[in-house]
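Have a look at the structure below, then the notes.
We just call them A, B and C in the order they show up, numbering each chain from 1.
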């Protein structure tokens, strides 16, 4: 089961465009390829999970077996062969999990340095605690002790299963039920790690929490699970980032994120997704099939999703808000950039259940090369949701005439006091804008990057500072070679 | 400094400029006047390298460099500035960010280091103050929601910050009231220096009351039909283009 | 073999033999062949269920438990039917009057006025009089949906309107469809063709009316060609009975410099489904779609448009307004497709909905599918209640709440019919809307 050579067999030469495309040579422990009950038992045993969690996984697996892969998205791809994937891959050293950062494999630390993520606490950007998930397992979590003083739990979900069984049993699967959809069911059966966050009553988390995901191994799927619970009157800002090596084959990433907010709680969830998008001819790249959902259970609770999606061959995700508590607020700010042969079908669902709930959707889609970019969103107002407000703005920018930009909004209103508004526009970077920038001395790529950043401004300004700068650069890099 | 020889330019297969010869030396201010459709804007775009303005014959050299071999941004970095007749809006991009990117792009082209943020801030604020621009305007998106006068003032601030060796101002005076006209004239006059040259393109001579040119050329049907000193502009004002045998409405 | 998420439709195949002779005496081999082929295609797919994306908001499951048979001939005329026809007829319009009873053309109620360059007759007359042309025409329809196939298999009549080149019709044509009690548990299927040739223009006023408590299924398919530099305006009103399932599917080919305008008002029927599918395939074509749907008491209206921009420099504009009162439900599904080569397209779409009651529902799905980069495409959709500020303003000027509401709703709907060129048609639209509000 130990394999290191195989890791490198299918690795493509690391080119300049995708700077995270390197592979780290680390000794790995893997479960046998393919999926069956034994593999699930293997994962559960490796994680030293309680019995109930194994049962939960097996039940999810049985449900998944009866489900069909959905086909409604406007996506065109070769469906994954679920028996040709490793469902568990962990750095060998994680078998005896390091007690402190000093024990973490130096090769691994170097990997994250290369990604611009320093795990040495003294070097970490001040005020950001990081959990790092490498292939299937969480390898390091920083600033744990500082957080513990405030009562904040920030750990890997495997640890939470062992150490906080009550919270886990109460909330796991309570926002995204195991049989919610095909990929959520798969994740429920095989999730290997992820992040667990609990913010106790009345606590404003003193620093940004961040998880950094990295797929390294070939032929592995990444199935992480994130659970965030914000108790009454609490606040947390959470960031996630993702990268993967460049490989010829498509790799599957099927994550589930669940957020629960109680009375007056607020969660800000930001994502900069930069999985490997595949090469210029559309070969390789990550299939990013993710279920993210936030339940605003308490009155006046608030969730804000901000996402900058530049990577992945295929992105298929709809971070959603269930606005159940009266006065709860849902926000969705999204930038999705597709270039070359990338496809993105992304958007949100705002389900208004409580009274006086409101939601805002700002979506900016940029399509270049031969890419397809789809906004798909649902705003649903249930009969008892008095005085609901929604505002949706979807703007698409096309660069070149071989790509597509599509907008598929659904509005379903069953309460007369609702005010739902949707607007959408489609435009291009005009020759006049481009020439104006060139005349002031900018080269074409700087000009495109500047104009695109301007186009996305309303979304970018939602990102925490630490992420905003990186995200702005990413926009430029993602569009390299798209004009001229 | 700027030397244009026998310049022929086509746009979408149509011949617009049909043999322009023009030499502008350091320290000189030239004005080009002419009726609508005579090719004035085409000349400014051809000098600055806009796509779609195809030079079929002739040459443009600036400080000895063959401009026709350079991209639009390279010409800008060499020191050519175009004040647009209709400055373009760029939503979401603040004036400040735009200028900073421009300044540093030009520095990069010249192999210089980026300007320190503090130094840049000082420079822009000083230039904005000189041209009586509200500092708040610097935070707003480039030209978005600006009035006609504000856009032209913004062009002047950009010119002052980028400090070009050669400026071509394309009908910068059109549609301005007298106060805005004064601001534009002031902006241009500030650029006058022994080592710099300026080309003012205008339909009317009223700007030339404020920016007194050393030479005036009349452009008609893609050719310079007459050249002279500032008195030529006065003459045109009094007697019209018809006096020179030019059909004012020929497009 | 029924497609996934579709209901089995094989029982309708039994009606084929009835359909062969249903249009009096047209038992023609080539036509029967078309019917058989279309029926096979329909049975292969079946009736769309609620999980078929395009039918998400109109539930046809109630149709699955029954069969709407083919009607062999129209019911008897009585005073009530005559009154309905009189009511629908605009007598200031001097063009031809074409009346269909239970899906069959009634010559004795119609007045066909000869006009140079105009051919206007029922589909059955057309088939009988010109066999060769009719075959070509009937084979030219877009049969992309299973329901269009069902129509081709079992249709019993329809109309053919052909306007020769360089003819501007002096008067609009009025077409009135009435269904009576005889059509209970029957399907009324017409297939219609409208061809407006180069440099010609025509206006058509079409009303669909029926009596209450008759469980019937009206299912029409219309194929339209608006040729180079031609103009066609269609004005529809739908006031079917409260148990009727009303479906109209219209395909329009819009040629170079051609102009097509379609106005509609949906008020009646248990379920109405209006499908309008224009294809812009000539430079500088223009399409304007305008419509309102008013629902209460079990009405469900579903407007489905599919605007295809295949060539550059065309314009399309869609304005739809929905007003839903107690027990009313609506869906607007508008799709704008801009092909890769359709640069400089200008496409707009606006759908606004008013909910007047707790027990009302509005759904909107305005969709943009864009494959060209130099285009101007925008859509907007809203759902809401009446503007409280405006209501207060009117009340402060002395209006009763009810009057203030009516006034605002009327204004909301009136926007749709601002550009209606025929005064009596405009008045009819506004009158019907006002009557619905009162």
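Heads up, the rule we're going with is that a contact is a pair of C-beta atoms (placed from the backbone, for glycine too) under 8 Å apart; a residue touches a chain by one contact, two chains touch by 3 or more.
Given the structure is predicted, the values throughout are model-derived calculations rather than measurements.
Annotation of chain A and chain B: not jointly contacted by any chain, touch as defined at the top. The most centrally placed chain, judged by C-alpha centroids, is A. The geometric centre of chain A is 48 Å away from that of chain B, both derived from CA atoms.
Averaged Cα coordinates give chain B a centre that lies 57 Å from the centre of chain C. If you average the Cα atoms of chain A and of chain C, the two centres end up 45 Å apart. The set of chain C residues that touch two or more partner chains is empty. Only residues 53, 340, 343, 353, 355-358, 360-385 of chain C touch chain A when the two sit together in their complex.
By the touch criterion given at the top, residues 48-52, 71-73, 76-77, 81-82, 84, 87-93, 97-99, 101-103, 105-106, 109, 141, 158, 162 of chain B touch chain A in their complex. Contacts from chain A toward chain B in the complex involve residues 430-433, 435-444, 446-447, 450-451, 453-458. Considering their complex, residues 72, 381, 383, 396, 398-428 of chain A touch chain C.
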